[in-house]
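Okay, so chain A shows up in both of these, paired with chain B first and chain C after.
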Partner chain A sequence: MNRYLPLAITALAILAMATLFLVIAPGMQIGAQGPSPGLKPYTEAEARGRDVYVSMGCLYCHSQQPRSIAQAPDAERGWGRASVAGDYAYDAPHQLGTMRTGPDLMDIGDRLPSQGWQLTHLYQPRAISSWSIMPAYPFLFEHKDEPGPGDVVVHLPAPYAPETGVIVAKQDALDLVAYLQGMKRQYAPPTDGLRDDGYALIAAQQQKQTDAAKASN
Partner chain B sequence: MMSDKMKQDPRLPDETFEPFEESRRIPLPVYWIAIALAIWGVIMLVETSHSTQVADKERAAQNAQDVTATAPVTAEPAAAQGHALFTANCATCHGDLGAGSTGAVPPLAKSDLVQAGGAEAVVRIALRGIDGPIAVNGVTYNGHMPNFASALDDKQLAAISSHVATSFAGAKDGIEPTKVAELRKADAGKDPWAGGAELASAITGLPAQPARPAPAPAMAATQSADVETLVKTGAGYIWACASCHGDKGQGMETTPRLAGLPAAYIAKQLHDFQQGTRFNDSMAYVAKALSEEQIQALAAHYAVMRAPSTARPSLKGDLARGEQIAREGDWSIGVPACFTCHGPSGFGVAPDFPALAAQHPAYTARQLAMWAGGSRHNSPLGLMAGIGKALNDVDRRAVADYLASLAPVPATPKTELAAIDASIPVSEGDAQ
Partner chain C sequence: MQITETLGLLLALSFIISLLALTILIWAIANKQVHTPDADDARTIFTPGEGAEIDEPNKPHHFDTERSGIDRVSAGPVMWLIAAAVFWLIFGSLHGLAASLELHLPDLMSGSAQMTFGRMRTVHLNSVAYGWASQAGLAAVFWIIPRIFHTRLRLVGLVKLGFVLWNIGVAAGVMAIANGWTDGLEWLEIPWQIDIVLALGAACFVAPLIATAKHREVHHIYVSGWYFLAAILWFPVLFIVANIPGVHHGVEQATMNWWYAHNVLGLWLTPLGVGTAYYFIPKIIGKPIYSYAVSLVGFWALALFYSQVGIHHLIGGPVPTWLVTLSVVHSVMMFVPVIAVAINQHVTVARNLWALKESMPLRFIWFGALSYTAASFQGSIEALRSVNTITHFTHYTVGHAHLGAYAFVSLVLMGAIYQIVPRATGKYFPFPRLIAWHFWLNVIGFAVYFLSLTIGGVLQGLAQLDATKPFADSVILLKPYLEGRSLGGGLMTLGHVLLAINLIALGFTKKTRETETDNMVAAE
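Moving on to the complex of A and B:
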């Protein structure tokens, strides 16, 4: 072990290559994209709700990246179209997530726009789906004897409702729901938006073959 | 004993030994592998970038199509395009030659109304639909036509109307898309024409029209008040219907469009959710809290609702294939045409067959998958299970996307519903 310098230089060069191709180049590509046309910046409530989303660690179970129809039936599940880089323009850090213990939430605002549903579900997921493994978030809610003015009362069936009084949502719960309701990605993506088109060529080739087969029949 | 253990093994290096390595040539196969990997990498890079170009081109084409049409349109001359669009959108009811159907659907060919009103009248009817008696060639029809405002754009409407006016009614001039855009703006959000009388008051020179019908009798006051609360604010521990299904019952994604579905179908589904014969946790939660009266009232509420279509093809399905399945079926895989049961243009046939037109593609495709997998199994005679199993996922997406591109169902007129309501006694028996 006497040639430290060449070893260090080689190691750094390999690291620099990797950084260039995996971090700097994609960063420049994505940086040039800007927000997708149709994507609105977060409102104040939504931005606060996003912070709640981050602090609750929602991304450990929920991804925010629907796949294209060639890769997964996400669109058939109602999870929305495949996302593109511009859809995350206002997300820093993004909440892509890798686990799908729960459903993808990129388009939840279109699929389940109901504030009432979201609040019940956050307070006690088992009140709606007996088999749900999502944790309950009762600490985002408050037990009151009487709802005050402006309080949002949570709809709860008898087994989950308190014996007396009502459950009302704290500001954090309302903000989180506002964020979820705002998760709408129905607008058309930019045509040249960055995305994974890994299978488009194969799909096009297959289409050509079937068309040729049809034409020869 | 002790000395034996301490004795150094001569094969081991002593403690001062420093290991070293002499340089040796890298074996040739390692070079080959490195070169092969590099070549493979370059090929993959080129191929994926090609893939991106292909997909970009596809999307650009798709967007262009979205802008000009939802139905497949090519650069055909306007007349041929008008004919193709007429066949795709109007011919299921009005017939290929515009002859109509005696006693049910007024003719367009040699129609005195079209001759008098020209292409403009056709556009104005298509933009709002009709809900009331209308006289054509001296015969009065119980007019009941959907509006095509959400399904067809200005260019398409112009092409269809020009085709109808010039080929069927002998008019000299068609209509320009810009004029259609003006009419669309003027008629935006209005209810359907209340029969020929209202139409005649807006367009001069039309033949004599029957009088405007009396407004529909209001439903029982208590019922509608109850429904109003249920739909808008929810009651007890159930959420407002509109909070998911939309204030016009238009739905979104996997939340279905309810506007205009047959009342009996809606009631049956709610009963099935209640009894667990149809699975959906959220709907079971709601349905279990509903009383029989509320179910019937909600069914009636949504059956007469009218909402423009908010569904768009979004699953990248092949629309031509979808149209084939919907209109002709595919007997090579044992699938009958959707329209044989669900009615022409997928408008639904009360009481059992829901409307499919303008339903959200994610919902349609998902339900088809659920029929196939058996997690939905509440169709009459188990009809849908076989169809669901026969369609693969490409066909599911194709047919769901095609159905999403259609004009929304003309809702049951309130007058008719009131009559049905009075004649059928409410019973638990129709739950299955």
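Moving on to the complex of A and C:
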């Protein structure tokens, strides 16, 4: 290659093609579907809590996308049904995640709805699960001699409780828990919901072949 | 259903376009319809009569002496870029090491929000990706482009402005992330307000390269130039489209996220690394690249296939099936460009193994080039649905990411730094033995790091697929492997410190080589 202009034009055209296929076309398809029927927008407290979730980087250990039963036993673990694109219509930034150092949180509100459990776990995960490697978030809480009116006191087992006084949740912790409690997709998924059905298709194909083999025997 | 069919058609179309374009290219090369780069073109990086001799500070190539005026112009900005890159390398490595320790010692640093894992890890990624690798890559670009074009760098002032803006952007970006101000998307955490500074900085780097290309005194653009000149256009487009606020949300944002995040590797860091290796491997050895015509296939196939692999990060997720399949297919097609580059680079080294003993920079670059082949093969296999089910949400992916961004890109760029700095400054590294120590600390450290995460990741994935095992099992079994990662990461960081020591010490030594005159005499 001896000329720059054709190189530059072709290189940019290829990127434009990739953008069309990976961003624009799926964006139109997903946009045309809209939110899943039954999905509610976040409440103010949930939205604030979601901001805390994003700013603490929870995403880097927790996904929010249960897989289909054809691929993995996510549903058996109580992580909820396989999610579809419409379930995320109100999410910005999206927090789908790519890592499960910790469990998937798409339906955490269904699985662990207790505010008290969540607050204790955020203050010190090892107070609940000795094997946990999740960070503790003591800075989302305050140490007080006496709880004030309206303060939510965190229940802690002896080795983690302060010698005197109490631990109470700051607003950030309460909001974050409100967000986690709201994480439940109890409505039925739309029948035409968009998701990667590749594994289900492969499983169906294999089933067909097994059936055909049985029939021919 | 209509829309699904239309999109299925689009999927087929994309693949057919890519395949057709590649077939036409190969046909054109075979039938000499385009000018096929040949052995003469491959020699444009040498001056007549040069070659078959190792390019090291004691026995410099004629190029350095005959065209030292070219290097003298680029030396300033290149050294600034290198100094800043190494600063971010150390800064980023320490944050990476801290984040790694936090995963098996979770209460070590839980006192403040700034030190929590989710932020430490993110500061690590952004400082090494944008502070270290991008700037070290740009240093190589601004060093190599004038050399392969046989003309001095143009618009140097703009490069300097870009350097200042870029570093302000990276510094503000990591400070924002540490304090909880983030856009919340992987690889795109730096807030869009700060991204404006980074985008302006990136824009400042484009014009000088185009201007230098325009003034070139050789007809042929050497292969490194294709990669660099394309990457310098790809990156600003990617970066700006991905960071426009208010446009993206929900799952559409997720597909955009991985379109960006994989292209910032495939169309930015990879071309910087591959282009640098394409220049320095033959230049250091003193012999042109083997089978130069193949490089054309390697370049265009990379552009066609790599640009569409990103959605393999969402396999099994809430995105349309056709889109996932598209990225899986293109991921597998990545074998084509990777094999082409492997033929060019590995055969050139394999025929001149003696040179590895004599040149430390070549050792770094050769190890990096091997890692490129390994990382790409691994990536293609990892994208297969059956394999991905096991590895997708595990630390295996982190190991793979470091095989690409670290063992490949970073090692190539460290080699480039060791090669460039003595020529840009006219000084020797004061502690040459530390360079060998650096190499072995990085190689051994990385081996420990990679094996830990690869084995641990597979076990983690298998445990999570077994519904009879509680989730806790996948965490407990992972701990020793996370400790292994910290050990490996510690050795790697130590290697980087040796690089910094050598660079700083070099800054305090007096000039020992003369670069500014034509009648240079070897110092020893």
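We adopt the following convention: the second predicted complex is superposed on the first by the 202 of 217 C-alpha atoms of A that agree within 3 Å, B and C clash if a C-alpha of one lies under 4 Å from a C-alpha of the other, contacts with A are read in each partner's own complex, and residues count from 1 in each chain.
The rule we apply is simple: contacts are C-beta pairs under 8 Å (C-beta built on N, C-alpha and C of every residue); 3 or more make two chains touch, one makes a residue touch a chain.
Given the structure is predicted, the values throughout are model-derived calculations rather than measurements.
With chain A as the common reference for superposition, the partners chain B and chain C occupy clashing space. In the superposition on chain A, A:Arg77 makes contact with both chain B and chain C. When the two complexes are overlaid on their common chain A, residue A:Thr120 makes contact with chain B while staying clear of chain C.
Number of chain A residues touched is higher for C, counting chain B against chain C. Contact with neither chain B nor chain C is seen for A:Lys170 once the two complexes are overlaid on the shared chain. With both structures placed on the common chain, the touch criterion links A:Pro135 to chain C but leaves chain B unconnected.
In the superposed model, A:Lys144 makes contact with neither chain B nor chain C. In the superposition on chain A, contact is made by A:Arg111 with chain B only, not with chain C. Contacts of A:Ser55 after superposition: chain C is touched, whereas chain B is not reached. Looking at the shared chain after the overlay, A:Thr98 reaches chain C, while chain B stays out of its contact range. In the superposition on chain A, the residues of chain A touched by chain B in one structure and by chain C in the other are 73, 76-77, 129, 195, 197-199, 201-202. Those residues of chain B lying in contact with chain A across their complex are 47-48, 50-52, 54-56, 58-60, 63, 66, 234, 236-240, 243-244, 252-255, 281-282, 285, 289, 314-316, 362-363, 365-366, 369, 393, 396-397. Put simply, chain A touches chain C in their complex at residues 1-4, 7-8, 10-12, 14-15, 17-19, 21-23, 25-27, 29-32, 54-61, 63, 65, 67-68, 71-73, 76-77, 82-85, 87-103, 125-126, 129, 131-139, 193-199, 201-202.
The touching residues of chain C, counted against chain A in their complex, run 3, 7, 10-11, 14, 17, 35, 37, 102-104, 106-107, 110-113, 116-119, 121-122, 180-186, 210, 213-214, 219-221, 226, 229-230, 233-234, 237-238, 241, 248-259, 263, 267, 296, 300, 303-304, 307-308, 310-311, 313-321, 323-327, 385, 389, 392-395, 397-398, 464-467, 471-472, 474-476, 478-479, 482.
Chain A meets chain B in the complex at residues 69, 73, 75-78, 80-81, 107, 110-117, 120, 127-130, 155-158, 161, 186, 188-189, 191-192, 195, 197-202, 204.
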